[in-house]
Amino acid sequence: MAIQDDIKSAIAEVLPGLSCVIGWGAGPEPLRAAPLFMRDAADVEKFTAGFLAVNNPALFLPALKGAKVGLVVKGCDARSVGQLVAENLVKREEVHLIGYPCRGIIDMDKTAAALEGRCEPGEVKGLREEDGDIVLDTPGGEVRLAKTDVAADKCARCRYPNAESADVFVGEKIAPVVERDDYADLAAFENMELDARKAFWEMEMSRCIRCYACRNSCPLCVCRDHCVAASREPHWLTQADGVRDKLFFQLIHATHLAGRCTGCGECERACPVGIPLLTLKRAFSRQVEGLFGYTAGLDQGMPPLLTFKLEEPAIKEREW
Amino acid sequence: MSVLKEKELRVIGFLCNWCSYGGADTAGVGRFAQPTDLRIVRVPCSGRINPLFVLKALLGGADGVLVSGCHPRDCHYAEGNFYARRRLEVLKGFLPVLGIDPRRFEYTWVSASEGQRWQHVVTTFTANIHALGPASFSPEARELQILNAAAR
Amino acid sequence: MRIGVFICHCGSNIAGTVDCASVASVASTYPDVAYATDIMYACAEPGQDAIIAAIKEHRLTGVVVASCTPRMHEPTFRKTVERAGLNRYMFEMANIREHVSWIGKDMEANTNKASELVRMAVSKLRLNRELKPKSFPVTKRLLVVGGGVAGIQAALDAADAGLEVLMVEKQPTIGGKMAKLDKTFPTVDCSSCILGPRMVDVAQHPNITLYAYSEVESISGYVGNFDVKIRKKAAYVDWSKCTGCGLCTEKCPSKKSYDRFNEGVGPTTAIIIPFPQAIPKKASIEREYCRQFNTGKCGVCAKVCPTGAINYEMQDEFIDAKVGGIVAATGYDLMDWTVYQEYGGGRYPDVVTSLQYERMLSASGPTGGHIKRPSDGEEPKDVVFIQCVGSRDVSIGRPYCSGFCCMYTAKQAILTKDHIPDSHSYVFYMDIRSPGKGYDEFTRRVQEEYQARYIRGRVSMVYPKGKKLIVRGADTLMGTQVEVEADLVVLAVGAEAAKGAPHLAEKLRISYDSYGFFMEGHPKLRPVETNTAGVFLAGACQGLKDIPSSVAQGSAAAAKALALLSRDMLDSDPQIAAVNVNRCVGCRKCIEVCPFKAIQEIDLRGQPKAEVIETVCQGCGLCNATCPQGAIQLSHFTDNQLLAEVEALCRF
Amino acid sequence: MQPCGRLGRNLRGSRTAEGVPCHRRPGSAPVFANPQGLSPVRGEANAPAFVRKCKKQCAFKLRNVTKRGECMETVLLNGRDDAFIRAVEESSGQVVARCYQCGNCTAGCPMSFAYDYSVSQVMRLIQAGQKDAVLSSKAVWLCAACNTCSQRCPNEINVAGVMDACRQMARREKKFAVRAMRAFVDAFLDSVKFNGRSHEVGIMALYMLYTGRVWTDVELAPKVLPKGKMPLLPHRIKGRSEVAAIIDRYKQGLSDPERVRARLAKDAGAESGKGKEAVS
Amino acid sequence: MSKATFGYFPGCSGLGTSLEYERSTRAVCRELGLTLWDIPDWNCCGSTPAHTVDPVLSSALSARVFAQGETAGIRDVVTPCPSCLSNLRNALEHMEDELFAARVEALTERPLEAGHSVKSVLQVIVEDIGLDKVKERVRRPLVGLRAVPYYGCLMTRPEKIMRFDDPENPQSLDLLLQALGAEVLPFPLKVDCCGGSLGIPVRESVPRLSGRILELAGELGADVIVVACPLCQMNLDLRQGQIRAKGLDYTVPVPYFTQLMAYAFGLGDEEAAFKLLAEDISPAFSCMQRRAGEIKAEEARVAALAAQKAAAKAGRTGSGQSQAKSAGAAGGEA
């Protein structure tokens, strides 16, 4: 990809001034990329971007506080950085953002489903991107899959493909996929009856193995080392393997992110058993956007639940 | 310890100490009759109520949760109820996604002198909860059913 | 942990609909409960002694009392528990009277509810920790807001006791509404004769600093350490130079300005000294009417002023002061009676308010004590007084009785007879409210000796006919419609809280009702205190009352303030937030939400952490609800304690 | 009231403490009820049996003292007619207990001069449940329905509505205290019933017929007839039968609340019954 | 129905005792561009007698009027007579209650759709048309006419149902008369009751009530009392002779406001129909002309005085340039 080389040169250009630049490199298998910490020119060579660049590099920023760090960011990653800066968990001057126009990233569950019967995603030997499609080199021959079929859900409703707040932007900005996020997925989910939804979450949460991958992959979970999930002071959760506690942990995570979650989808992507965790977070985002017109990550100031107004036009209070 | 069978449902109230708890007292002093379902937890301010308390109660078997604080601009701590108003309104909009009927949770503002209004709030809310009937969130039992079903 | 549970009968108040014995027996089965019993009157002396005895006998470490509202007796029982040697925070209450026995008759349901409330209290108590109050220094200075008779009394009492007092008065002079009165009931002695000396005392008292023509701009801090910012409004006259000679008031060309002190009875000049006995006796300029400000050309007062005190470029000044206690004595204002279109709505000049009539009666008033009809200046022969104009009237949102109109109308009727011997006074009333000492005899005297004609009925309409005003009323005792051809109609206009009182209440962070009256701590037991520690009330701002009650409340408020500020150190309330530095990641969310700025960021071994300033924290718990990892906990209302109460109620 | 200086008993006969004036004026005549000795009136009060059979049959009246010759019978308060109060309250939609007798309605009422009871006295009689006094009073008939009382009532009571309710109740119980008023209303409605519109000449004719006051407003005729402002022939409308039907149905009582409520319940019952099958 | 067209309910008195009100109302509405569709075969609203018998009966009669309106597609009705307005409006308000509507339907046996409204002619002129449009059409301003507005007790009361102007101190008629150029005297008894329909059955009511109104108007020196209600007009104008017999010593003509508007708009005598009034209005108009003349003379005198003063000032300064200016100004003024 031509753009990859441009990014590499951009990285090389700024690398000397930074302690490191975080991007994506080859992962454990051809279909999986992994975060790449580039500290010298050799590392920059290993840089790959594009359809497999699923990880959100903003995850590592809070830990690297104090050092000047560079990030190669997709649109959604830039929003995560923007939110960290808005809550001054990260100092903007300590971060150098290199943006590029993102055309969507892979969703492994969808790819596995698409490869049904033919082979396991792990067995795929290579991948080529040809404009709208991806060509997989599998033991049973080449498989051509349309990007839109296997791309992540969040990319189908992407409003900010270009990292608006990037210091350096490589390539031309592309038009957003949609103008407005109408939360159609939530609307579809809400067609179910209340009891059916309750049963749905009971079923999903009974599959949770409580590995906390969702928390550990969330860029805004800056207090993951002292998480209330595992504390007795306060003692919100027991360590019992019951559905109630596992669901309650997701509610804790969702309420902590209310008005802050940028919808990067890392929690859902990281969940080993594929529970649709983003639905809970997007329910809060829809509510916050509706009430306060605040979209996380676009540095619109302090998140709404950490401030207030004397008159709240949007909140219609119940008349008894 | 549980509610009186067929007579009561589990209704939990979080009341701010300065206004609503005082309003409930005024209602008591005024002998304004109210249904007995409501159990009141006293908190210093409606701002003290973390939405997780409401979720904990609803998931823990409460059929209805009522939060009441001072009227906006009347809060003893000046800003507590403004934050509460935002957080509880966001929570109320979130409940349906979980499959919990939003009418099972209400928040309102009652001042210490409004005994009559408190009686009306409690009576109306308890009647609404009785109309909705007991909540059915008992994941423990459901989970065992699923495991048994899977085992068979 | 060994917990003692005491179920109070409260005579029959609780025992009437709650089976206390069975609640006690159920309570004994709760975890950690070592002793459970029911007693007749827990709050009474024998009750408290029984608790102390039980603590010693059963080596109890925590006490739960199930009785009335903690808002009333929590302090009582905490002292009891402390007397028994326990920490006063190892105590919890269950409200089984106002929230249970008094609101329902169903014995079974009430008993079950009472036992559940006790269970909640026990489960919270098991997580209580001993809390020690810290103490902080107290500023021995009192702020009195409002210079009416109540404020003056409070200030003088406090100052006489050696306390330093700041008095802030919005008008250019103190004296409030009483200064506008000619005579006072029931003794009909001259108002300025009894108030004047007290006002002079205030001016000359070494401990009192008077800021007239000033307002409270903002108040921050907490009991014992309030930081008050006072705005000294620009009077465009340098009061240090002004001798109060009044030369400028004579020469001022703008003769048509509204006379606020005399309720607009007569026009006055732009630069005024409100009334001869004004304290401070200084001139002040009404910017609205002053030609110098409107047209830029005049300057007459500057030219004539012997001491050159006039300064048109004067700006508002701000004074910052630290005070320990605040007494709010902002008084009342007459309500806007022009909503009564049927009485002319202000269109007929000869329909005046009682205060305007008082200014006409007053010798220092614009008419020099002669009662003159505003329309043609003649002396009225038939004067009609209409009671309850804007009081006891649901249709305009003023259902309450203002309390003192019956009395001052009787007094005005006497004065009318004195001023105009051949006059006839008619008083349209519904009920004469004269409850004080010598009050009813006073209203009898006005009818018997001064031949005031009292007619029991409201007035439906007043309309001008020729030079006369036709007053169309009713006499329900005679059962007929009546009409009076009057020369002058005086309306006993109902009162409401002073304008701007709700705004001040928000600054003082005290609550107020829908009419703007400040909310007292308890209507019967704590009438001069508020729910905010250190803020006291005096006079009509708490509720309409006459001069004797206002003066009494002035002294009461001063007494309360003296009690508060008599100690050098005050105990801080230990129910405040505390940070667990191990869990805090320095995300600053708590600092963002704290209304009192009571949390600051510190650097602990290179790590940013939050820290609570104990004296400023009020214990609202907002930070606790905001902190994602629960690093900051509000003592006595920690997450775990509240969770324990919720868990006690869970069904599954 | 000079104390008579006697150590002794005050009015109620209990011993008075030193110096407290006992209020009996020496030598004053004992005060008995009914000084003029007028014939007592019928009423449920505690009058002896022979009184109740008195033929004068003038109903209890809280009379104005100014009107000579009437006297006031003691009112037995537990003889209060609660059904009457409820009927007035339901028909007018007002709560009469809200009235604290301030007299504002009497003060404002333009027709007070013609009343036997003032408006506030009528309200008081309703509060005391004195049905006979209210329904046989002239006041409810003379009310001009100008709403001044309701507009200025400090307790927001629709006093005009209460007066309407009492007049309607009086009409239903055939108590016509002011015959001319009833006659005029009937004349007006008959003219409307006959033509569909009111016709002045017709109304005057019927009014004169019903009351025998043939000279009413005769002197006005020359002022209006020549100007064509008093058409002799009525303007009869096509739908006059329908208007007549409306008035007749009213007279047959088709619009009585109980009857209509029953019909509504029946329809609702039928509907839900029908509705139930559809749903299940 | 566009905003400028309304269904028109003339009211029974329009055919008889208030013929002049009817004629002048139609003329004025035509002049103001207001098209009035008569409600076909309209019936009497029952006026005061019906609603003193039973509000359900008066609502039933009113319901038939609206039902007839529906057949011609009329939803918004306007009526000159406040008594009809009160009955029609009360019918609409009370029929919002289901039981009441059912009782009315039991009488009319004609269901009624929602969405009806009824206003008075005065309200439409003042609120919908607006006074500035009225001012534009005035050709013969009533300068010098001392008028006293009289609203009567039904038009603005009860406040919650009529919802028009202030129930105690209405201003719309005052402003309208000022727009016509008349001098409006403040009249305290503008909402006092004139006796209404008690004129016939209770003979002494009208002389007393209307007498008080006429006496105060006379005392204030009013040329005319301007009314907007046929009932009030009959009691004040038609019965003024009877009242004078009882001791009233003033004669005050009582025209309708629409008649004065017709005159002010320059329409013919036929439309203004002054001759149909019982009390002759010509003396009032002659007073008006006389006073108008006086006012004009006064204005001329003041203008002359001002011009003189300006000329004198210009003379004193003596500078040529200002002279030209002030001369020009003086010229303009003279």
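Order of writing sets the chain letters: A, B, C, D and E. Residues in each chain are counted from 1.
As a convention for this text, a contact is a pair of C-beta atoms (placed from the backbone, for glycine too) under 8 Å apart; a residue touches a chain by one contact, two chains touch by 3 or more.
Keep in mind the model is a prediction, meaning the values are calculated, not measured.
Under the touch definition stated at the top, subunit B and subunit E share these contacting partners: C. Among the remaining chains, those touching subunit A and also subunit B are C. Located most centrally within the structure is C, per distance between chain CA means and the overall CA mean.
Using mean Cα coordinates as chain centres, the one most removed from subunit A is D.
Counting C-beta pairs in contact across C-E and across A-C gives the higher total for A-C.
For the pair subunit B and subunit D, the distance between mean C-alpha positions equals 52 Å. With centres taken as mean Cα positions, subunit C sits 33 Å from subunit B.
Per-chain Cα centroids separate subunit C from subunit D by 48 Å. Spacing of subunit A relative to subunit E, judged by their CA centroids, is 73 angstrom.
Annotation for subunit D: residues 113, 148 touch two or more other chains. Each of the following residues of subunit B touches two or more other chains: 50, 56, 60, 73, 79, 83, 87, 137, 140. In subunit A, the residues that touch at least two other chains are 236.
Interchain contacts (touch definition given at top) occur between A-B, A-C, B-C, C-D, C-E, D-E. For subunit D in complex with subunit C, the residues that touch the partner chain are 62, 64-66, 100-109, 112-113, 117-118, 120-121, 148, 152-156. Subunit A contributes residues 87-89, 222-223, 225-228, 231, 233-236, 256, 302, 306-307 to its touches with subunit C in the complex.
Considering their complex, residues 50-52, 55-56, 59-60, 72-73, 79, 82-83, 85-87, 89-91, 93-94, 96-101, 106, 108-109, 117, 120-121, 124, 136-137, 139-140, 142-143, 146-147 of subunit B touch subunit A. Listing the residues of subunit B that touch subunit C in their complex gives 1-4, 7-8, 10, 12, 17-19, 21-22, 24-25, 27-29, 31-36, 39-45, 47-50, 53, 56-57, 60-62, 70, 73-74, 76-80, 83, 87, 111-113, 119, 137-138, 140-141.
For subunit C in complex with subunit E, the residues that touch the partner chain are 341-342, 344-345, 347, 463-466.
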